[in-house]
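Both of the next two complexes hold chain A, though its partner changes from chain B to chain C.
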Partner chain A sequence: MTARGQGRTAFAYLTPALLVLAGLLAYPIYQLVLISLYDYGQEQVSGGAPLTFLGLGNYQNLLGNQQFWTVLGQTVAFAAVCVVGTLLVGAFLAILATRVRTWVRMTLFLAALGAWSTPAVAGSTIWLFLFDANFGFVNEVLGIQGFSWTFDKWTAFGLVAAQVIWCSFPFVMVTLYAGIKAIPGEVLEAAALDGASAFRTAWSVTLPLLRPIILVVTIQSIIWDFKVFTQIYVMTNGGGIAGRNLVLNVYAYQQAFAASEYGLGAAIGVVMTVLLLVITLFYLRALRRSGEVL
Partner chain B sequence: MKRRLTEGFVLIIAAVVAFPLFWMVLSAFKPEDEIISADPVPWTTRPTLDSFTRALTVANFGRYFLNSVIVALVVVVLSILISFLAATALTRFRFRSRTTLLIMLLVVQMVPVEALTVPLFFLMRSVGDSVPAFGLNHLGSLVLVHLAFSLPFAIWMLRGFVAAVPVELEEAATLDGASRFRFLWQVLFPLVAPGLVATSVLSFIHAWNDFLFAKTFIISAVENQTLPLALQVFVKPDQNDWGAIMAGSTLMTIPVLIFFMLVQRRLVSGLAGAVKG
Partner chain C sequence: MRLKTLVAVLGVGAVVACAPVQSGPTGSGTDEKTGQLRVWLFDEVNRGPKEAVVKEAISEFQGKHSGVTVDVQYIQVSSRAERFKAAFSDPKSAPDVAEFGNTDLAGYVSAGGFSELDLSSWSESKDLVPTILDTAKVDGKTYGVPWFVGVRALYYRTDVFTELGLKPPATLDEIAPLARQIRQRKPDLLGISAGGKYLFAALPFIWAQGGDIAKQDGGKFTATVDSAEAKAGVAKYTELIKDDICPPATCAGNGGDASVEQFRAGKAAMTIGGDFNRKSVDASSAAGKYAVVPLPGKTSGSIAPAFAGGNLLGVMKGTQRKTLANEFTQLLASKKYQQKMYTAMGNLPTFSDVQKQVSDSDKFLEPFTKTLQSGTKFVPVTPAWAKIEAQAVVPTMLQEVVTGAKNVDTATADATKTMNAAFSS
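Now for the complex of A and B:
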């Protein structure tokens, strides 16, 4: 087939995908930026008031708003706790999984699979019920009936973080387990023959070999935990009392669809996208280093 | 001895991890007075289907279940067809903008789709003016967004499966007189089936679990809501109907569990057998 013929066929095969992606991803991204530059409220949507171009007005408004900085700080801290927790639990269990018999490992993996596959909404409500002030099993066991986990700002964040870790550590565990298993036995034998202790082998042989995988799961977790929406929304009933459990994603949603400040909501969306794209650049570099070919 | 200890510990962890799901299923079968008891116990002596009946009749859960199934299945079928063609183009053909397209695919996967709710909301609103079935308050709008969100990853993942089919096979098929169209659908398509299963499971879960877009797009048409929103119907500020919520959660989780199990099995079977057969 000629090169031109190849190009033409390839283009024909790609057309449906390109149409969908252009219409439903590329165009909305462009629109997101555009809307964020306007004063776009309820009157403008219904056509009752003319659109006014604000330029960077929404962004100025946002950056000058104390609540935005609080929410941003909470988002970063919340994501950090979730990422660190997910990685620690996942890595710890991946190591333990290499040291037990197959049926024990399968039991653990099966339980993890269950947690992994539970829809976020269902998982959130289950956890809410388990930690319910009056009818929850946890309070019954701890003997603190009537204690509300979702009332206090920090216990509420802690509960949501625990739920997020519960449903995201399986991915880290399974990936790291596969990575550990892929290390050739000879390498570890050679280290043992050279007189390296178990700790030394783990630190100087296994860890460096796993570094690319660890990097990938870390960044993947950062991306996921940075944009948690469902758990926060369901478990703290839309961002907590007086919005004290808000994270960026929920904040944007509330500004746009509850307060009808679509321009401001879009501006928050742009800020979030830019932050995540920066993380993505690191992700791409990590992928390239770990040997993924395009 | 040391291994015994480790194994005991791992089993306890497994039990803790599985406990919320156990509690969900248990509570779904508990009679109401045991659920709203001040001393909940981890067993029941009087299992009942009351909560399921209440979920399915009072809240019309069956309807929402069907809506979720329709959205997820349509997304899966469309994304299989579209991503298969695109992945074939990107692996089997050499053309100038190929690498650029691949990098764009990767970057697009990282765009937080949640940030796009505002523009997508207005897009669906204007789509609805000309084609109501794909506008706000209709299931079509959910199909469109989930299709768009699952495509980049599906294409990315299928690429590997298409590349794994040897080029010789295509040459052999051509020598045997098979047209390009026949090769594509009768040879290549069955061979990448394991990859299609994997990607479609992910697309399914994505669409099935979605809460944000269902909440944003389906505003007034209660009959077009999907499961994640229906579950919220039971959550009332004064008194939650926990039994029905847990029954609903169970109904919502089971399909995903089944699909997860499926992908485990199919992925292992791999390509070697398929090529031989």
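Now for the complex of A and C:
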């Protein structure tokens, strides 16, 4: 078989997967971009008004809006805190899990799985109960009844960030734990025979071997935390007092989808997708520079 | 290179080839006289009595029209926007008759959802209170029949007022000093439970000063919250959400329900509540210890214009049984059934004579009917209002003032800008 023929066969084998991908990914993204170029509200959807092509009008409108930039900045900072927090907590507990007795590890895993499997809305509501100003358990323990956690901008963001970290660290923990366990014992043994200290082993052996896994959980976390919606929407009652706890997804929902401005909403969606793609690309590139085979 | 071509092709395709989906023209020529009439009504916390009245109306209707069945579906208020949007986009899944909130009217009409009603042949329609019927109109055309109306007035705790030797406020300006005095002497109580998201409590303050949210000029709306009168109203209302009356940490995030909830929990000496809150307050720790007066206006003896909330019954544009749908709407909204709905659910009727009848027999309703008779006002009747509401423009403005993030001038100026953008889009 010629090289060309081989390529064709390979392509034929890949076609079903490509079709599924095109249907599930390309078409929605195509529609998203398309809608973002129009003035597309409820009137237009239900045929009550003609379609107007705006070109980049929605984007101009969006990028010219001061609030968008404030919200974008908040989103990036909020996501960064959540990602770093999730990775630190997850990594710490994963290492802890490799060092403790079986029953302790089992308890830790069960607790983590509990947090992981709690639906976001339920988790957020439970946290709100715990931190309720008058009847919350936390205020009772701290003796500060009447203190509202969700009123001040920073305590509100802090509370939501803690909740996000709480429900996303189990993924990091379980994945890293599996990664650490998969490191062949001989490698560590060899390091020990060569007289490497515990720190040296961790830094020069374990960490490099874990890098692909860390890469995956970091990108996953960035994407998840950048797109946080439920926690903010539920815990700050739709974006906080005077909208000061808005993040991009909630902003898009409030300004565009709830207000039936689907064109503007689609534009926000496109901007978000592009941003996430850029972040991911930069990250991949940085890793490749550092010598990782991807 | 190949990728570039692909992107270019996609880009050109996106712009030239096709446009986003639009559903076909709604409204059909057919007017069938038999078959199933589909009706959407709102679900309620305690739906039993409502359902019983509706069933009675249905059996009366089916008795008059052979070969007609009426199918009622109760939909959730919280998800109504999605349900109605879906119904407008796909007329096949839409009902023939629907109950909907009067603030949603303008948006629904411009989406092409409801058809114009001709009430002239319906003898009872002349008794509909004009300002209430206005809430069913867009550009002078009627698209619904007011089924019931809801207005708010001032609830206060009689035990607290007696203990402190106080009288309910006689003017709008007296509310803040009075509330401050109560909180000073009873620090556990909120002087008045007001909320930073409680639009319908804030509006009467603006209206009483002679201001408004927006004005209409030849079909075009312009925001007027930055007028001197409106700003005075905003200042008066936000003065209530301060540490010495209703601390922002407790009150800034509250909407109507949460504001009334503080009163129910016995934590507030006053609040602004609707006739529809009566049952829940009577089932709370404030039961038997409260009274209601109209929210006072600027001068002693006057009443601040209240917001005329309420629900309408309308006929969907895509219906294939227009005559039947009209007749059923008029039956369910008739005096007879409004009276029954009042007995069942406590819903305030929209006919002036029925209103008088029920308030004569029930003294509790007096402050509310008085408020209704002294004239009510409404939010701007334009589809842009739904957008402004969804974007929480007015609550954000109030909260900005309450938290000190902006002063009244800046907050109202910014809100004006946002609203004008919505009006002109």
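The rule we apply is simple: the second predicted complex is superposed on the first by the 239 of 294 C-alpha atoms of A that agree within 3 Å, B and C clash if a C-alpha of one lies under 4 Å from a C-alpha of the other, contacts with A are read in each partner's own complex, and residues count from 1 in each chain.
Convention: a residue touches a chain if its C-beta (ideal position, glycine included) is under 8 Å from a C-beta of that chain, and two chains touch if they have at least 3 such contacts.
This structure is a prediction, so every number in the text was calculated from the model and none was measured.
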First, second, both or neither for A:198, with chain B first and chain C second: neither
Touched partner set for A:31, first chain B, second chain C, both or neither: both
Touching partner for A:277 - first (chain B), second (chain C), both, neither: first
First (chain B), second (chain C), both or neither touched by A:137: first
Most chain A residues touched (candidates chain B, chain C): B
Contact residues of chain A, present in both the chain B and the chain C interface: 31, 35
Complex contacts: residues of chain C adjacent to chain A: 10, 14-15, 18-26, 81, 85, 88-89, 107, 110-113, 196, 248-250, 252-253, 383, 386-387, 390-392, 396, 399-400, 402-403, 405, 425
Contact set on chain B toward chain A in their complex: 3, 6-7, 9-11, 13-15, 17-18, 20-21, 23-24, 27, 35-40, 42, 81-83, 85-86, 88-90, 92-96, 98-99, 101-103, 106-108, 110-112, 114-123, 144-145, 147-149, 151-152, 155, 180, 205, 208-209, 211-212, 216, 227-228, 231-232, 235, 240, 242, 245-246, 248-249, 252-253, 256-257, 259-261, 264
Of all residues in chain A, those that touch chain C in their complex: 30-31, 33-35, 37-40, 42-49, 51, 53, 133, 147-148, 150-151, 237-239, 241-244, 254-255, 258-261
Chain B partner contacts - residues on chain A that touch it in the complex: 3, 6-7, 9-11, 13-14, 16-17, 20-21, 23-25, 27-29, 31-32, 35, 93, 96-97, 99-101, 104-105, 107-108, 110-123, 125-127, 129-130, 132, 134-137, 140, 145, 166, 223, 226-227, 229-230, 233-234, 249, 252-253, 256-257, 262, 265-266, 268-270, 272-273, 276-277, 279-280, 283-284, 294
